[in-house]
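Okay, got some structures for you below.
The same chain A turns up in both complexes below, where it pairs with chain B and then with chain C.
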Partner chain A sequence: MSAIRTTAKCTLVLGALLILPFVSSGQESHIGKLNGHAGTGRELYFRYCWGCHGFHGDGNGENAPYLNILPRNFVAATFKCRSTPTGTLPTDKDLFNSLVRGFNNTNMPSWITLTDQNRADLVAFIKTFSPRWKTDKAGDPITVPAEPKLTMESIKHGQELFQKLECWKCHGQEGRGDGPSASTLTDSNDQPIRPYNFAAGSRFKCGSTNEDLYKIFLTGVDGTPMPSFGDVVKPEEAWDLVHFLRTLQVNHKSPELALWESTKEGAEQVASRRIKGTATGSGIQQ
Partner chain B sequence: MYLKSPRLRDRWLVFLTSGVSFVLLFLALVLGNNQTASALPTPGVRVRAIPAFARKYGLPCSSCHEAWPKLSPFGQAFKDNGYQLGNERDAPIFQQPAYWPIAIRITPHWHRESNDREVLDDPTTPGGSIEQKVTTHGFDLTGMDILAAGTLAKNISFLLVPSSDSTGAFHFESANVRFSNLLGSSWLNVKVGKFELDNLISEKRILGLSSNGGFYQIYHFVPIGDVNTFGLGDNQLGAELMGHSKDDRTRYSISLLSSNDGNVGLPNGHGYDTFMTVSQAFQVGSLGVQRVGAFAYIGRAPTYYSTQGGGATLVDGFGQKSFYRVGLLGQWYIKKLDFSTMWTHASDSAFLATATPANADLPVGARAPVWDGGMIETHYSLNPQLIFINRYELIRMSRQALLTNPGNLGDIDALTFGYRYYPFIGTRAGFAFHNEYSIVRQRGVSLTGLDVTTSGLFFGFDFAF
Partner chain C sequence: MRVKAGYLAGLATLAVCAVIVHAMPSGGTVSGKVTYEGTPAKQKPIDMSKEPSCAKQHATPITTETVVTGSNNTLDNVVVYVSAGVPDENAPGQVVKFEQKGCQYIPHVLAFQVNQTLEISNADQTSHNIHPLPKVNREWNKSQPPGSAPISEKYDKPEFIPVKCNIHPWMHGNFAVMKNSHYAVTQGEGGFSLANLPPGKYTITAWHESYGDQSQDVTISGSETKTVNFVFKAKPY
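This part shows the complex of A and B:
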């Protein structure tokens, strides 16, 4: 009888072990028709994410001390890339898109190779780390009006706004991320942070399209010194700024850059700013 | 949390896995024949688990490997992108100057090998041979890999693998440079040097370590008497054009290879082979990413040589005769359970199969042999720390080179099962306890024309740092 009892206990424990991974903490995510489940997301998190984001989601993984842009602290529930107003929680879709995209110039890669369901499950689990997800609702996504037609006036007006709103203080007059305030900036982790260098890259922190840039401008990048300008500028002005900012990306072909270069002033400016490649093999274009 | 706190569960897993191990070990020792021999093969070295990447990017092994060295879709995409994550931090300039992209891998182990009809010298008859069952067992080493890999600059990467056998004799298992994302397109990547063929079911990442289970039979099979040394699992020298979609769901590759089976110094003189693959992956609900693919290898090999020094040195290969290997594969996922399936169809020239120089007459009735192979490999990943493995392969001759050969001469059935337990999953090093049993039966190949059965039992501590 003792042997039977022992066998029964072993069977129960083994059964529990097999079931354990499927036990869900209850949190869910909803992205379109996808429903993510935290229980499955937890397994994925501890396969892919914990090395940087840590066992407790506090951004304190074993690899975190070696990263110069610290991993996101999910406990703080402050997220950079949102479609929602500054200070609010992002939508599930925002988090999902962050996983698809990854973050340029950080150690966060794109997880596009995971299935949609995997990403939805991960989003659900990430939401278990902070009580904010139980007390607060995600913000309402901002409305993005249709992009107006690109004109030289739009670019010129955007250039004026760049000065008026003092974007240059951080991003520099040429958009190289070397404005007078750049060296003093820190993020919410008190870590030094460099403003986006328009001249170097083609992809922004939170996307690559004009609409993504519009959203960054209107929602801000929470956790960084980049504020929201939602209360400061009108939508059409924001689009003008978007058009101008594209002309600062001198190494990235765009309709805005092409239009800007079609003028004598623009062509001279772009030519003076564009440095083609480097001989160092670093892959960095300054 | 999942890895940190459930010590009870880990203890149970260790208990269960250790228990199975010791039962198998006990059976091996009790049931084993204690005769000794040194002719049995020792496990070859396996490659491709590169903690240097884990250290570079801070990702745990389990990100790129479902169970290292087997790649996950994320790891496959990382490899296909030239060892780059693509977030503008891949170039070496972003690493600490002290970072050195090198890892090592070796597996101290105990193993038992048995062959029920080993051909031995007959002690009673000078020059004669006898068949006898031979069983060896004891502590041993695999070979060692030194894995150096990474980026030289953005979109230029390299892989260098000096690899030793278990005696310490080195050769270059891999040495290549890759130019990725040419013209800004993920569809154009070129690799030159010595590299693994673009086998989606990778023998270099096989989850088997024993003499029989550490390689895919259908990648290396040739009919009895065939002099072709080619193996699909062997790294080859050449150039590869490869492309993939951004999410790596669609892949293709085409390679131009020297007809030397990866051996340096052009031992076969001249000649080129071609290898092509194409595959497509797709999501099936919450089951996972499924993939289907096809491959074809068209090659040739010499049947005689020009020589120097009275035949001591091969200078050039002549009488090149063709062979081919084609196949279909699938990778099927049902959440934690997955199956890799493969079917191959192959043929060698009658000259190669009968060891006949092309400038001589074939034996009467000789013809090109044809054979088919099938494989199903099953994995169950209980969690990132424990994976169970099962593999069955069969090879069937459908046409023998010589009419006098029995129809099933050389047919193979191979079964392997085991598990790998990773006591920890880290971002710096990898460690696994590996336990495996494999058994292979080949038809009619003993000295007296009987079947030969070989088996292996393997317990090892597989580590990479």
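This part shows the complex of A and C:
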């Protein structure tokens, strides 16, 4: 009898502990027609997320010490993938999309297995960790003008911008993430971080479409060394850069790469950058 | 009616008081020196060979600035400010400037008030990215290629914020976002002076980027000048 009572008491205390820090969280999220509720999101969070993101949402979960790119700290409310300008809060839709997509090259998986409602609820709950969600509004999403037609001029101009804006200082002249400053980079958690290697990867952290790439220039990746070029590039220039960056992805088929390879200069360059050899490693040349 | 009259009288008194406070001579002053004891870390010369356009601006390589000292063990780049005893103040209209020149931040420590406009400019022939790393304020990171317009920003909470440029890893500076206008950054010989303090009790705090902070209480009566000195323990590493 007393054992049962003790267990009941323990459960009560534990329950109270779980609920207490978030009693006042009436936070909601709105993604299109979906309305997420923090109350439901809390249950999901303590089932799927807290192992890495931690009890307090500070990215200090049980698994955190074993992860290379540390889990997001929701208390700091600095988010990488946004459609909003640098330094502003992301929209609910941005957070929702991050849950759908997951983060390539990190331990954050895609949560495509959850329902849309589940993800909306999680977004609402994530917004209870930082007081900034009460004091600040999400930034105004940047406008992405229609993509201009792909031309060689566009690629060439993108190439000039890659030099002029000094993208190569980190990403390297061939986009391999080996520029002169690359080895010194750290993120805002003081952890070493690598610039994106265009030659090797095909997926980007914040989505892989041309539009996603465009947004990266204008919003920056907050919490990392990648700055925002929002004040310094014009929309058409950003599109030129997108077109050029696709030609650095020598192992990823794209209309941009095809066009670039159709010229003599481009074909030679791409051929020289592709890895040749066998999968086992014998005869590999770069 | 009576209540209203009392109310008016109160208001009038307040107005008179306000005028008096305004017209009062500048009030008391806290001044002093910041020094160190022990051996401070030796500042290392910066190798800018990866950025020739900056390297050529310095006849002899500049050194790191984590500890800047003057003669007689004085310590520079210390922010001395009134941390308690003064109400929070609104930001002044004047703009504070932070410059990137020769791949170096000028000044190394920049103090300004909450919501005061901060203007960041790039005088170099190379791109910089300005990446302040606040914990309390919002974090942003902006690219500034040569010849581009100055960046205007504000911070809405008091904080000491390290600033860096990811492209040039040796570049390092600090923003000190203050709650009120009573602050100074020691320059030259470690001296500071906080003027215009009305009579009262204050806590004066000195902050150094490598050695942390320390505070002292001081009481000001009339327009006297009180001396407060700070001594930091220097670490040799």
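Just so we're on the same page, the second predicted complex is superposed on the first by the 251 of 286 C-alpha atoms of A that agree within 3 Å, B and C clash if a C-alpha of one lies under 4 Å from a C-alpha of the other, contacts with A are read in each partner's own complex, and residues count from 1 in each chain.
Basically, a residue touches a chain if its C-beta (ideal position, glycine included) is under 8 Å from a C-beta of that chain, and two chains touch if they have at least 3 such contacts.
These numbers come from a predicted model, not from an experiment.
By the document's definition of touching, neither partner reaches A:L213: not chain B, not chain C.
Of the two partner chains, neither chain B nor chain C is touched by A:V250. Look at A:W50: by the touch rule set out above, it reaches chain B but stays clear of chain C.
In the superposed model, A:L150 makes contact with neither chain B nor chain C.
After overlaying the two complexes on the shared chain, residue contacts for A:L99 are found with neither chain B nor chain C. The partner that reaches more residues of chain A, of the two candidates chain B and chain C, is B. By the touch criterion stated above, A:G87 is placed in contact with chain C alone, chain B being left untouched.
By the touch criterion stated above, A:G201 is placed in contact with chain B alone, chain C being left untouched.
Touching of chain A by both chain B and chain C, each in its own complex, is seen for no residue at all. Contact residues of chain B toward chain A in the complex are 1-4, 6, 9, 12-13, 16, 57-60, 62-63, 72-74, 76-77, 85-93, 152-156, 246-248, 283, 285-286, 288-289, 382-384, 426-427. Here chain C touches chain A in the complex through residues 50, 126-127, 129-131, 133, 135, 138-145, 148-149, 151, 166-169, going by the rule given at the top. Across the complex, chain C is touched by residues 76-78, 85-88, 132, 136, 164-166, 169-170, 180-181, 184-185, 188, 220, 222-232 of chain A. Across the interface of their complex, chain B is touched by residues 13-14, 17-18, 20-21, 42-43, 45-48, 50-52, 55-56, 61-63, 66-67, 102-117, 201, 280-284 of chain A.
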